[in-house]
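In what follows, subunit A forms one complex with subunit B and a second complex with subunit C.
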Partner chain A sequence: MTTATTPPAAPPAPPAAVAGTRSRTLPFWANPRLGLVIVIVVLVALFSSLTPAFLDPRLTLAPLQADISVYAVVGLAQLAVLSLGHMNMAVGRMAALSTFAMGLAYDRLGVPLLVGLAVGLAVGAAIGALAGLVIARTGVNSFVVTLALDFGLLGLVTILYTRATDGVAFAVKPAGLAELRFDTFADYCLGEVCGPRVPLVVPFALVAALAVGLLFRSARLGREILMTGANPVAAQLSGIPTHRRVVAAHALSGLLAALAGFLLAANNGAFSANIGESFLLPSFLAPVLGGTLLAGGAVSVLGTVLGATLTQVIYKGLNLLQFSLEDLKLYIGLVLLAALSLDRMRAVLAERRAVSSS
Partner chain B sequence: MKRTALARLGVGLVAFALTATTAACTKKSDADTGDTAGRMNPEQMKVALVPGGSHPYFQPWKDAGAKAKADFKLGDVTYNETAGWDQTKQNDVLKSLAAQGYNAFGIFGVSPDNINSTFEDLKRQGYPVASLASCPAGDVNKADFCLSTDVELAAYKAAKAAIDAMGGQGNLVHLTGNKVDSNTQRRIKGVEKAVAETGGKVVLLQNVTDIDKDLQSAQKAVADLLAAKGNQIQAIVNTAYNPSVASAEGVKQAKLAIKVIAIDDDKTILDGIRDGSVAGTVLQNPVGQAYVGSYALSKLAGGCTMSQPGVIIDSGSFVVTKANVDGYEADRSAKTDELKKEFDATYLTCR
Partner chain C sequence: MKNLVRTNEFTLAAVAVVGFATLAVATDFNLLTAGTMDAFLSFLAVPMVIGLAQMVVLAVGQMNLSVGVLTGFCAMASAWLMVDAALPAPLAVLAALALGALVGLLNGLLVVFTRINGFIVTLATMTVLEGLRYGVHGTGTYQGYSPGLRAVGQASVLGIPVVFLLALAVAVVAALFFRRTVSGRRLLASGGNPFAARLSGISNDRALVLAHTLSGLLAGVAAVIVVAAFGSVNASIGDDLLLPSFAAPIIGGVALVGGVVSVTGTVLAAFLVRLVDVTQAQFDINRRWVDLIIGAVVLGAVLLGRARERLTGGAR
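Up next is the complex of A and B:
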């Protein structure tokens, strides 16, 4: 699912932004998402042959799907603002503040699981909208605004947790959290037919991915956000309320960060202050690997999900092979670099073929 | 993909998720149980020692694990520090180790506040679990046992040593680690208790937190502290590793008459004790934690049970000054032997 708008001016054509025209001239294998799928398949085959434990459904595949769900949503949270050419440096701390709100709702108000989730999503969207409002009104770079917000939230989250809890986490476990954490659909049967071994958190991420995909592909709001990202002046001259679109994109980013925080809390089994600490780099990695442009105007939801899958597969595989800490980091970097280089080679070959055949 | 097709797919997925979780479905009676239930021979045991991340404190675990493997004839003992101080990553590392056949776990939980969830997860699958070098926050330990330094007691001993070294009066500063860690809160409590016992003769000027991430941040914090209040401070008590090294070096370089009580036995600190620039240090017992922890895990896998599940056991802390700097290792070994005997006599029930 690649979604893009072509700027009216003629900047250097970004790879994903011309997907519509390229698909008519380039072979099918030129699709960058296909490259990611191939790399993932190759790595899965490689890791499975090196260690059969990679295919253990209970200890490897189910946790892997749960991890991919979290980091795909983290990637989508960043993608929401990358669509504008903006950045959200506070993505992790927005998740932390939202999960604090969820924990507080469960702990003090005893609300059901989904109501607490809704509270957290609302807090995430509100803090995201606030960031968007400051960016839109002041014109200050999104990097600066969200970085400042990140610092502010870092202090705020610590203070809130210290005041509201004994330590740094809510001890409360709302009904349904344990099921969300431990169960897969294989645990639920209709007569003799049981579901697949897919963790219960996966549908949350799937629904989020579909909703974001539909927003940017089909909804007017999403198209206008992309237009604002591709060329803000042109968007404004065409009657798009660009300031409101900036606020909407940042609110969406905050909402998705909150959802990612909830999924991580479900996976970890606790609503704690350290949620979101490790979100920042993966939030950029997944969309950029998947073909989303840092410059704005083009996003790829499917690519983001595949990007998150690739990084988690690499991490899981190297983990299973018992790489040491230094080796693990080194090889994750090398494998990602190799994957990106192969992808680029494939794209260049495809373009050459297209030129020679035209 | 057309809009309608996408919309249908979305609706279908939501419907599937709802259908699968509604009352129409029945849940299987029991959660997954691992294949580790029942007695195991020591040769079938594969013990994983998993610290929260890379830290000098845990380095003795490697040799202690290897010694436990040889002494108790265990199938394997591995040491994995790839968690990188991230609870999510640590959970992932543990699942990966379980997938590779490791069937007993000695864990230093990254986050004491939610490590119980991780312990529960492993216990559900039938693995014996030990919480090593740190116990979960709160009153409940979901691991089979916790073998750790009593951090409040160790901090209390360190503060007492500092108060002795400063002559029983003056200003004291406490340097420690991550503030949002319940163990840090316990350490602060221990220091405050020792200061309170002086009846106002010693004043705790400041608890400086969050400076144990790395040596650089600790050095910067110590330099700032000495520049601002160096002349008012009579003693510094450390309850974290990096601030210990940084304050030992910082005070020596600044040539201030501040008494430093450190923690652990880094070479800089031991040299400082010998040359008099460090008044003393409080040692913990990482070897005992890994060695006796592996032993107890092998006993649990072999069919023994804990007499009191979740029991918290102090692995010992030792004040070392110039007087005993060359002989402290014997005390520590004796404590390790004593711990092993206590497990056999008191903590484990074997039939």
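Up next is the complex of A and C:
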């Protein structure tokens, strides 16, 4: 079941963590997360009635969960800076650079799978921190800085791949990558008890979602980042080192982008130069569908996971119904517009009711 | 005089002249031969217009992510009208312009009525347009349409390509629009300070819709240039235009927060980017270094602007 992957992510981000004051005054149906769950359930029911293949655990559901894992982490990477009211236009290219570092570590140093992952995460965090540092020091709009960085990294990554590899990808396959790609927990049994048919990449995304949710909900660092996003001047006057929080949020974004790159590389089975090319649009789709504002100061981790789930369910469903990739784009765009307009209508209605009842 | 020297435009012009001269000398004046010059200017036309299309929405503090894909869609649509619907070229050109303006209008109306951030709205319409652009003719290529339009696209007056002159005319009109017309001034006022603009009786909503419509219209102009100058169009047109559309105005000194535009700066920046492109082609440098350099130039230009602001104490 597709929805089965999302409930475990529920604890980190209850709606209360989002726009705390609003959820108290507005009725429950104004919560965008609930709407997402309903839409996902309806779509899953629709797709499974149209093509029974949609419920095939091996061919559809397992890859779907793997895809959701990748794009949920991509969305979280964007969410990390949306919390500040910033954007990270280089999210895909940061992932590409980090996966290059991972591939290089596996290829030249022959490190184990997790060590290589750590190397890549460090590179991602470093490049994110660099972006954050430039933004914090110069005060230049984050859009411009990360756009310029995207240009720069686009060139750099291609040059690096042509220098370090023969073609566009590393030939090396570190031990464990194939298992991560193909295996589900159902392949591992303790005596009689076997795990569910959940791909091995899912826990990575779950841990990331839990960690980010806890960070923004309970950790001092996360709360301070949110405060910086809500009102930088007030945050600074309250003694928050806003510059350092900006750097931290961007470093987190880079780190999550690197993780997403790793998960995609695991799903594809190769560390290649085209990783991250398709990250930019989904990185905004997931948080925005989930109700995270571009203005900063409020985030919803659960919403982001649900947003990623919704888009991937649509992709997978239309794909099974033999729609072409370009048709998919058309429908995804229309769904996004419809979802956002509905969300807006719901918010307006809810506000009106809250006003008239008080 | 001192004020002129200090402007961003002056710096850009100086860099452009020096860069052009250096490149001319370095290529043994190969750059100045008619053929090279013609290609240089022809391929400058689209980035110029597309940069202006982005600049118009930046003026009101918005962004238009759909600008590149819209160009591709309009180009495909007008080619379809000429090839499959057998319409005369002038009608197809008008249709491309109207289509661009219409999509821009839709963007603007969506922004105003839903109150959703323009970035997100155009992100969504970009995705929709990508599907539509492909839907016109699949992966196929249109070519061999209207010899008359192709002739215009390749013609030149006094050695200067007509398409470049067209782009230049568009730039002049845009500059006059922002400098002289009431609508243009209102757009800038609304972008600079929406609250003050509203108190002065300016409709911010109308400014938003107008800016998005003009942006779409300019994307339509870019599409016409593509169709006329390239001679063949397919569904990949516009994919590589989004980032340059931001690079030109940002290097040119247009603020993302709105209220400030610089047509001269945008045109000069497009020229500079083109210069980097030609250098790459002339010396057979890896295409990817160009991206690296443009990234550095964008950041450098913005940082320079900041430094200058600080030095002059924001005395503008």
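The criterion applied here is as follows: the second predicted complex is superposed on the first by the 306 of 358 C-alpha atoms of A that agree within 3 Å, B and C clash if a C-alpha of one lies under 4 Å from a C-alpha of the other, contacts with A are read in each partner's own complex, and residues count from 1 in each chain.
To be clear about the criterion, a residue touches a chain if its C-beta (ideal position, glycine included) is under 8 Å from a C-beta of that chain, and two chains touch if they have at least 3 such contacts.
None of the values given here were measured: they were computed from a predicted structure.
Asker: Given the touch rule stated above, what does A:328 touch, subunit B (first), subunit C (second), both, or neither?
Answerer: Both: A:328 reaches subunit B and subunit C.
Asker: Examine A:341 and indicate which partner it touches, taking first as subunit B and second as subunit C; both and neither are also allowed.
Answerer: A:341: touches subunit C, not subunit B.
Asker: Applying the touch criterion given at the start, work out whether A:53 contacts subunit B, subunit C, both or neither, answering first, second, both or neither.
Answerer: Once the two structures are laid over each other on A, A:53 reaches subunit B alone.
Asker: Output check: A:115 vs subunit B and subunit C. Expected answer is one of first, second, both, neither. What do you get?
Answerer: neither
Asker: As a test of reading the superposition: which chain, subunit B or subunit C, is in touch with more residues of subunit A?
Answerer: The partner that reaches more residues of subunit A in the superposed model: B.
Asker: Which partner chains sit in contact with A:145 here, subunit B, subunit C, both or neither? Use first/second/both/neither.
Answerer: Only subunit C is touched by A:145; subunit B is not.
Asker: Is A:134 touching the first partner subunit B, the second partner subunit C, both, or neither of them?
Answerer: In the superposed model, A:134 contacts subunit C only, not subunit B.
Asker: One more residue to check, A:158. First (subunit B), second (subunit C), both or neither?
Answerer: The answer is both, since A:158 touches subunit B and subunit C.
Asker: In the overlaid three-chain picture, which partner chain does A:316 touch, first (subunit B) or second (subunit C), both, or neither?
Answerer: After superposition on chain A, A:316 lies in contact with subunit B alone.
Asker: Return first, second, both or neither, reflecting whether A:274 touches subunit B, subunit C, both chains, or no partner chain.
Answerer: The first partner, subunit B, only.
Asker: Please identify the positions on subunit A that touch both subunit B and subunit C, taking each partner from its own complex.
Answerer: The answer is residues 158, 162, 324, 328 of subunit A.
Asker: Looking at the complex, which residues from subunit A come into contact with subunit C?
Answerer: 87, 134, 138-141, 143-145, 147-156, 158-159, 162, 281, 284, 288, 294, 324, 326-334, 336-337, 340-341, 344
Asker: Flag every residue of subunit B that touches subunit A in the complex, lowest number first.
Answerer: So the residues of subunit B in touch with subunit A come to 1, 3, 6-7, 9-10, 13-14, 16-17, 20-21, 24-28, 31-32, 53-54, 78, 80-82, 84, 86-89, 91-93, 95-96, 98-101, 111-114, 117-118, 120-121, 124, 137-138, 179-182, 185.
Asker: Taking the complex as given, what residues does subunit A use to touch subunit B?
Answerer: Answer in residue numbers: 1, 51, 53-54, 56, 58-60, 63, 67, 70, 158, 161-162, 166-169, 171, 181-183, 185, 187-190, 194-195, 200, 203, 206-207, 210-211, 213-214, 217-218, 264, 267-270, 272-274, 277-278, 315-316, 319-320, 322-325, 328.
Asker: Hey, which residues of subunit C end up touching subunit A in the complex?
Answerer: 63, 110, 114-117, 119-121, 123-135, 235, 243, 246-247, 250, 256-257, 286, 288-296, 298-299, 302-303, 306
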